[in-house]
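Take a look at the structures listed below.
Two complexes come next, and they have one chain in common, chain A, joined by chain B in the first and chain C in the second.
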Partner chain A sequence: MKSVPAGNLRAGIVRGASAALLLGAVAVGALWSLSTGGRSDVGFGDLFRPDDLARTVLSDIRAPRTLAAACLGINLGIAGLALQAITRNPLASPAILGINQGAALGLALAFVLPIFGAVGPELMAILGAFGAGVLTFAIAGGFGGRMDAMRLILGGVAVGAFSYAVVRFTFTLEDDIARSVVRWTVGDITDIRWDATLRLSAWSIPGIIAAMILSQRFNLVALGQDAARGLGADPRVTLLLGTVLAAVLAGVSVSVAGPISFTGLVVPHLARFLFGGDHRILVPAVAGLGAALMLLADALSKVLTAPIEAPIGAIAALIGAPWFLWLAVRAKGFE
Partner chain B sequence: MKRLICAVALMFGILSTSAVARDIAHELGTTTVPDAPERIVVLEFSFIDALASVGVAPVGIADDNRRDRVIAEYTEIIGDEWVSVGTRKTPSLEVIASLSPDLIIADKNRHSEAFGTFSEIAPTIVLDSLGGDYHASVEQMTIIGEAIGKPEEMATRVAAHKAKMADYVAQIKPKAAGVSAQFGVTNANGLWLHSPVSYNGSLLEMFGFASGMSPDGEGGLYEKTYVPTTLEQLSEVNPDILIFGEYADPSHVDSWSGETLYEGLTAVEAGKVFNVTAHNWSRLRGMLAAELTAADIVEIMGKIE
Partner chain C sequence: MTRPLRIGLVLLTGLIAAMLVSLAVGAVAIPLSVIVNTLLDLDGPQQDFIINRSRLPRTLLAVVTGASLAMSGAIIQALLRNPLASPKIIGINSGAALAVLLSVVLAGGVPLGFLPAVAALGGVAAAAIIYILAEVRPVSPARLALVGIAVGFTADAGVDFILVTADTYDISAPLVWLTGSLWSRGWSHLGAVAPLLICLMGVCLLLSYRLDIIRLGSAQATGLGMHVRRARLVLLTLATLLAAVSVSVVGVLGFVGLMAPHIARLLVGGAHRTLLPVALLVGALLVVIADAAGRALVPGIEISAGILTAIFGAPFFVFLLLTREIEARS
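After this line comes the complex of A and B, so read on.
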């Protein structure tokens, strides 16, 4: 029985090293994101001894954008983790289950119909995201207690396509509305400022805490419907709570930055690969990985197509899509 | 004898009908157009400018479904009998065909792919209106003059335009020495600067203004005509004079008001930020359009003094 503590020790070392690597990646991503931008004369060196101009650029323009990128990664990663946990489906993510598109639909309605406009764009995005999630789960039979994997994905695709069709329809209504709505079709934080960043970050920490509280329920769902019920956690309640959490985090993210695909799908997979299947560890790991990935995407969005900045949503898809393909080719993920 | 005269007359008649068509070289090849087309459809605003400058009214205009996008300076000449054929981006083939045109003038960027379809409806010439600069737009005037069978009238108008612009240049250039000026359009979501290779950029250059736009900070030029620009990027361009065309109120640029970086711009500090009619500057091209732009710049320079 000697090998067990040795195995634990090895696992502990691997886990510790992964965590250190993760923190390092977040730090490198943040520094890279902060040291690139529209002004070529404000660079890495200015982070440590900025003059007046560099201080203004860093504090007014770059800091809110860098923090927004990190918060987007946290929110979308946690939302994806919650969705994959409650559906027990590795393909679940805010984009694939139609939740991002539902949020965009909520926003479009807020702009087009004054009656919804009074509700406010942020709440409309959350309501749209929640509505889309509930509809997708209903199609998949989730509230009856047995979620069908194929129907879940097909339902998500259908709900997403329908929501997006309505969003695109509003383009044709009026030029000025079209210009407001088009912002919600691609994830972009190019000219974001502190007010929007604070709205976004206000949900990130509560999101992590809520996910930590739910993490034991997520673990029980992973054991299967009957086992979970036997251990006192009705999977339908977990499903509802997880949907609310994912809808709030995805909805707020879409209302600030527009829909970003793949982050919510890829980050939980990567976290499971590095840290195993325990959601009590996965929640902080996903938060760190999501932040690191989006910080990297933000820095790349300023560098790749310089001097013109690319939308962060496009870069996130560029990073995430190959991973998705790998997942599909490996096929194990579909079991 | 009578029969001979008839034969000769007939022959001349045949010769002259075969001479009524002429070949026009354009962006996508050479098209044979009728000598004096009477039912012309135009798919960009600069082509209205060309027709109006020699007093010809098109039967169909891609006016983006908004008749007021054809400004009063044009309707005074061409009237308002034209039929809207839809947006410039996706004009309606059905409406164009229903007008049974004898000449279609299309844009290289927007309509190259539909050239074949347009050509089935009527002889079509394609010119680079959207992507071309000011000098190219004046050169296109001569091509259009030949295509519509009014080369002499067009040559006269072009000469008059060049003289008028030379007069504007003489007024503006002495004041523009060592001064940088930048034009951009802004809607609710962003700012797009018109680079030195754009239509407006080339006009400002002709008037003697420098441009601060340099992506590598070493005088390299943008390849793109319209460059999406953040406040941070604008602070590096930092021109002496900023000219904005606003498509929304409040615009994205308005939202920068009060930010340290914006208030610190040279042009903002010196009160040299000017608003012009976005439509006239950004969408219109041609001779009358350029003269309107030049008059705006003269007015701006007058305010600076």
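After this line comes the complex of A and C, so read on.
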């Protein structure tokens, strides 16, 4: 028997240190997010010895928002990871493939048309997300077994543009919805309360578990179509399961916070950079990183433009869009 | 009479008919006889205010901007040899929108006369990124579209950030404008951009034969005595300016610059001396129809023209994606 090679040991140490840093980042992000907000008199010190006012502010206003930010990071990060795995495309994410916009469309239909309203906004968002995902994959040829990288991205952008136009169309017809137009186009959790946060967080743990169950299939897809099939995992089944997972997580997120772009794109890349390509490790890593990043984004959204609060989605896009540009210039497989 | 000329005349007739319809529909429907009376100042009932103050300038603006976007798209598609290219896809529209919005936030808005210049600056900056990439390191058309989309996303992120952090009073106007709308556009807007756009389009029409020569390939074009790089640069700059200046007054009318050249190519083929004028008519027709339909669909409510062009344009884009073979190399 050979002893553990030094390289593996070093990789293990790096991985352990990264995991510890990640947990630290989540904790720091959570504390920062909790200690900032509209009431500047409730600060970091009040986290540990709150008086009555501070306790109310913390438990009724800040805690649900902080938890929502973390759960959005988890949901969107896992959704992005699943999409990048099943499409084998580094540019895939809920926003780029039109899935977020599809969810927004489902939501808008639920508000405007009574028939769809009966289905419930959350389920409509999931259905819209799923429909958009299937449509994009069909355009890319994914169900024929061969996904065209360029058609996937351009098709997704077109599906997203269409859904978005229809969403704006419904805004135009309904004055009541139009007032919150920014919220539904950028993504915002400023006024979130416990009921919405609980709806969101209810899906985060099942989402992580489902992604863990699928992680081995994701690894097989990464080996290539033929290898995956040879090892007993039909890539088309993985494609469908991954789409369902991404649609549920993105749909729920959009129904609570509106479409937040680029979180689902950036987080999996960072996780791969830190933890390598094994999806069994990537799933928890993405969950942790997504939570940490969105907590930081939430805190930034409160302090960056104070006293006005910027929606968290605007902060995420401001960070994520240049990243996408950089990826687009460098990504392989488009020549 | 040649076929392109016949098609051109049919389109021109259609455009005039669409303009009359556009004058007639809206919150208050106006009969044709009243329109003719008003326009020609004849005896009989007139509707001076609605037609001359509101609907006539915006209809003319729809014609000019639609034609500009279509011509911009046709030139960009030809030079990049990319059927999926358009001013929106390569980020010009979003860059111009960001520049205009920045001028509102940072400088409290610029006088209307300078707005086209600000928008042009933003459009050229966005386009420069794409062009530099295409010139320095030859890339596939697909990659170019991808990078263009990414540039557009980045500019859009800036637009969103400004919109949501600005004071609510300031943003309501840009919000309407950004969806691509001719709502409340008047003679002053038309005056600010129309002379410039018409001049630019005239120059493009004069240069259109160069597009046909460039299509022969670099070697042939050089052999025919043409300075290919310079011609490309001039034409791309003209195309960028056409799109960016249009955006400065009507916002982002998505997909017009993509659809119009393709429809024109189906009608008269790929020779640019005939393609450009026909694309121009098609683009004008599309925007006039979108604007009129936006007013007519639900009386009393305005649906932005940009929403309608996107609802029809996005499926059209997917159709192109599925049917056109993308040339492998630019």
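Rule of thumb we're sticking to: the second predicted complex is superposed on the first by the 319 of 335 C-alpha atoms of A that agree within 3 Å, B and C clash if a C-alpha of one lies under 4 Å from a C-alpha of the other, contacts with A are read in each partner's own complex, and residues count from 1 in each chain.
One rule holds for everything that comes next: a contact is a pair of C-beta atoms (placed from the backbone, for glycine too) under 8 Å apart; a residue touches a chain by one contact, two chains touch by 3 or more.
Not measured: the values here are computed from a predicted model.
Because the two structures share chain A, they can be overlaid on it, and in that overlay chain B clashes with chain C. Judged by the number of chain A residues each one touches, C leads among chain B and chain C.
When the two structures are aligned on the shared chain, A:Ile308 is found in touch with chain B and with chain C. In the superposition on chain A, A:Glu122 makes contact with neither chain B nor chain C. In the superposed model, A:Asp298 makes contact with neither chain B nor chain C.
Judged by the touch definition given at the top, the superposed model places A:Asp46 against neither chain B nor chain C. In the superposition on chain A, chain A positions 182, 308 are in contact with chain B in one complex as well as with chain C in the other. Of all residues in chain A, only 91, 139, 150-151, 153-155, 157-159, 161-162, 164-166, 168-169, 172-173, 181-182, 185-186, 188, 261-262, 305, 308, 310-311, 313-315, 317-318, 320-322, 324-325, 327-329, 331, 334-335 touch chain C in the complex they form. Interface residues of chain C, counted against chain A in their complex, comprise 84, 133, 139-140, 142-143, 145-147, 149-151, 153-154, 156-158, 160-161, 163-165, 175, 179, 254-255, 298, 301-304, 306-308, 310-311, 313-315, 317-318, 321-322, 326.
Within the complex, the chain A residues that touch chain B are 37-41, 53, 56-57, 60-62, 176, 179-180, 182-183, 190-191, 193, 306-309. Touching chain A in their complex are the following residues of chain B: 187-190, 215-217, 222, 224, 227-236, 247-248, 252, 259-261, 264.
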